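Got some structures for you, see below.
In the two assemblies presented below, chain A is common to both, partnered first by chain B and then by chain C.
This part shows the complex of A and B:
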């Protein structure tokens, strides 16, 4: 027993000492990539920019007001993302670590001129990628976007990530992007960001990030059209990806405005007229909280509430129908109606899927809204 | 060798045996009829006043008036008529006589008699009953065991007033002749365990038993295990509760620490207060204790694994925070954690050995020099100080000191293997630990019982202490184990 014990000790000691070089990496040997920018760089070339956090500058005491920046942006051109990243790696003293990435910014130019499907193979195949990061399109140069100094956040990529999350849009992750683009019956809607041009904010280099709408992509991930901010939020509701949003509508005959906060956004797709795949009913649901009322309506009266609900339903219905018609005119089915039909009418779908972007235009989609007014606030009619 | 009828011969024998023993006192005196008597004892071990009052006075002053007939043995006569003492024995052999004197009895030899009277008048200075320092409870008895075996057995006797409470006596140690009592409740105890313990106690061959820890090492089955298979306690209430749970207690003369066996892993994580506070609150304290027990051995390893092997598993902001703190660290994380753990254990060891007056010195050195200065000098990074301190605090949430010792060792083993292999190593560590604990037995009871093997009835005392009225294995069925 004692001999056995001694042998075990000796073996353990030898194991520990002979192993010597192990495969651990200290945090100060790593470069944390917080954002990746992808730009077009000529024929079959891509320019990759990595935004790398500088830990020694991140938590500097007394605020990060010094001249030193808390990040650097390193870029290189290559045949593909991996090739360019390798070139970046060669310039750096630390190993690139992309698992903490918060944002992938793709320039509008790149996605127009290059086959973006090839880009996402690396993102999907390589297990070292954090697919929880958010994919956005950038108007202008993604490299410049990464370089801006955000007045609130230390890194622009984290700022963009937070901006989307805080506004109730948590479903634009890279993972979701890949799933949507791989699914036959769904097309991708992707946020389009731009640098805010208002120069009055903060110091000279500080800029806010502004959403400038949403890009509707087709099967080949080419931009088919841009939805503006309000159209975008309606589309997101109909996509089933939104969680909450604000809404302001005008009352009949320009008689004041009503503002609501909508929560519990839901949508449902149904076939109407029996089994006709060409007629689709899309029902949206939400719970509304009245926050602002400049109309003559007295909310303590049940009649007025009924009237308001009816008006609200109609208003939302027509607004969303307009957006639906606009998207249908563009072609790509961002709502996943194709996917619904795929399940509901699998044989019919086989004849449609080859050219779904075109066929979607022929589908008649009607939008129906059912809003539940949960609260009309603490006062009955307007404070006069 | 029998006691001689010749009193001079006896005296010579005793003087020879106790040669060079300065505390040995032998005194001769005569009765009124000139019969020579001899008393022998060890100074300081008897109640002198009692001896004078109860032995010398009646013998010297009273009129013995034995008369002419010495038909009756004088020894017998003294024993039955003149000594107002409860415990008086008669010894026939010289060996026994010497043994009794060594134990602090008074020996009385009478001229012409082949036997000696032994009066049990032992009295020596002992510590009074105090609150146990190591196992203080917020509520409950403030009594703690003392060094005297007899006092300790009375403390148990007073709590279990039943004839089924048995105390078997053993004498162990060639020189120390330590008295050891095996205490159990007949009917509740497992006879197999009892037989095994008796057998083991009988087979101890040693020069001396200084403390119950010696007995613990002699009787436990797996000496090489990190985990103790015998519990030690200073609290009579814990011993009483254990006896009623069907366990065996071993009391040793000369130490306040009583051994309890068989035990399970869980008994190390239970404190007396668990049974004195409301059970809902105990749920909280036990949960904290179980989590902290895990933290006590695993946290340094987990930190090393996460920050150097799997940084992708750490939330982004936390990881940047960690790497900010570690930006200028000269040593690898593994070495740093190891160093700090080592320093922490060194401080602990120093704290135990320092005289009371120097205690603050260590705290100042530890807190200021090693804590603050090392961080400010950039040798040690702050997260590691946090990890090591948390680990240290966690190991003190384990109520029994000896139950926390294995985790202090396992901590290093886990750190070592994790520093080599990352989380894979951690998994290996957990697997080996589990295998060992499942295989370990304490006198026939599996160490993880009642969790593995699972026993639905007894488990009610492990995670949640159910209220006492809930059937927990024994309450209603009486003697069922």
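This part shows the complex of A and C:
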């Protein structure tokens, strides 16, 4: 009898304490942050905007209908991200939860005028952060970017996230960003997005997100230059980050165009000329599927295919070499060549690493391409 | 109360894994960067040899616990003075792990729960197991918790294949040089394994031969895991970030994302670590109370266990107030004087005296 009583007391005590009741937060008391925007707000101040999803409104079919939106954007200014987030929390009736965040959008102006490295300390220190979100730069104001209504997805941050993944760019997560910016031999390449200024799609003034190139950042995370769309995709290939790309080239003498879909993008760095660290050979490889052919080439002939492969290799080589030269002139080594040299010639690297942005310009990098033509589609020649 | 050698293996493995997953990787990585796996390997080898030395001492004095044979070998006065050093060591382990556990829980999972509740739950459990069951209950728990812990800890290292870039561990040696590697070893080797508990536990082992083999295997498993974990950490994050991570194994589990679906499995890792900490804490408490009862002559070691739990609780509550005392992992005194003294110097002396005595006995037997 007494034993029963003791057991009951013990069980009650265990129930109350072991369920963690003091820390329990119901899902309807949480505000899920899907995107964070960071803007410049004056000397040493930062304006943080959080895009918070409203799950009850997200069930409306076909995006947003009428006036109800499936998210709200709340912003506040503060001394750093945490300070501003505290002020945002004060405006909200639910606790902010950022573990499902899909996007961190930093405005170009902020990166120019402020030391962006300080942003990343909180991301690494606070254990509530999941570093799986994507970091991008925005041309314009990050707050406006978060406010746009997307015609296909319900939130612009989810849309930007999916857009980057669908287009074959999966390694732009925040964790990659932090690792790359901490490594001495690599610099960061960040996608630059902007709101599509085309006429509004759909009846609700929805806008699409457009990629407006890629920003090349140096060691202090300042923008050294911007690569446009085609240069950027070439650079991503040379970085080893993309998974597939499309390519259209003109045949000799302007006699039509050829379009390929390139998959299994790879790249390899080697130092040549007797292991001389100043001469680097970057080999890019891919498998190409021919999808559009308006030239007089007949794809069922083996000679034509070999000629095509040679031409393709040369054309890609010249294009990528131009991109490489352009980036080299800007300075930052986004390709990780410094890291390769660090591993291969570690003692030589010790003398070079201090000023790698300048020293990278002295390295001669030649690009070679080796494309394997996998298939030429289901028709041999153009149907005239 | 006897422990079979299979249970001995698990007890040693769990007690060592608990501290290895928590402290030495961070300490080694701060000094040695990419080559911290070399530091861990060196530290592991040093610890293996220390374990072997301790086993030699135990084999020489098979039927006595540490308290009894230290008085035999060194004389009762010196023996009685040296033994409290070991008591301090075990008490320090108890407080360090309990405090680390509570701090970690507070940071990661239970932000609002007061520390006392977490502490009370664990302390009550540990005291109960030592009071009711003694070492047999603890070893049976270890038998069950051990395989699960090892399985999860090893498997979790390899769940990150697409993020691992093996080249991040290069260049080997060129960046750091032997001095940094040795410094890394020196600052971390104390925490990899705990050989002092063997001094007491060996008395309870059933079959001394197989028990010593089991202990060596247990230490080797922990060392292998330590080196592997350091290497995987480097593959995934690279040396700059890894040097700043305070609890690297936990951060590693946060990075796992399989097919973008299985994520956030650090929720598995934390309860398992708590279970392992429970085993280690109960072993330390048992050894401490049994030792004190032998040393002071007070027979009822179970009562002493309850008493020590109260002191431990009070100490933990008090020690968080002055912040300087609370974080003593890098203290010069601890790392360079206290631990080597307890782990290396005393067993060496005991071994030497033991072998001299044996040789004298042997000679006397030969003469007669």
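A few notes on this one:
We adopt the following convention: the second predicted complex is superposed on the first by the 356 of 384 C-alpha atoms of A that agree within 3 Å, B and C clash if a C-alpha of one lies under 4 Å from a C-alpha of the other, contacts with A are read in each partner's own complex, and residues count from 1 in each chain.
Methods note: contacts are C-beta pairs under 8 Å (C-beta built on N, C-alpha and C of every residue); 3 or more make two chains touch, one makes a residue touch a chain.
The model shown is predicted, which means the values in this text are computed figures rather than measured ones.
Look at A:175: by the touch rule set out above, it reaches chain C but stays clear of chain B. By the touch criterion stated above, A:28 is placed in contact with chain B alone, chain C being left untouched.
Of the two partner chains placed around the shared chain by superposition, chain C is the only one that A:346 touches, whereas chain B remains out of contact.
Of the two partner chains placed by superposition, A:329 touches none, neither chain B nor chain C.
Once the two complexes are overlaid on the shared chain, A:102 sits against chain B while remaining clear of chain C.
When the two complexes are overlaid on their common chain A, residue A:183 makes contact with chain C while staying clear of chain B.
By the touch criterion defined above, A:130 lies against chain B and chain C together after alignment on the C-alpha atoms of chain A.
Residue overlap on chain A between its contacts with chain B in one complex and with chain C in the other: 22-23, 99, 130. For chain A in complex with chain C, the touching residues are 17-18, 20, 22-23, 99, 124, 127, 130-132, 175, 178-179, 182-183, 342-344, 346-347, 350. Residues of chain C that touch chain A in their complex: 107-114, 117, 121, 167, 170-171, 174-175, 237-238, 240-241, 244, 254-255, 257, 263-264.
Chain contact summary for the complex, chain B toward chain A: residues 224, 304, 307-309, 311-312, 316, 319-324, 326-329, 332-334, 416, 419-422.
Partner chain B is touched in their complex by these residues of chain A: 1, 5, 15-16, 19, 22-28, 30, 32, 34, 53, 55-56, 58-59, 97, 99-100, 102, 128, 130.
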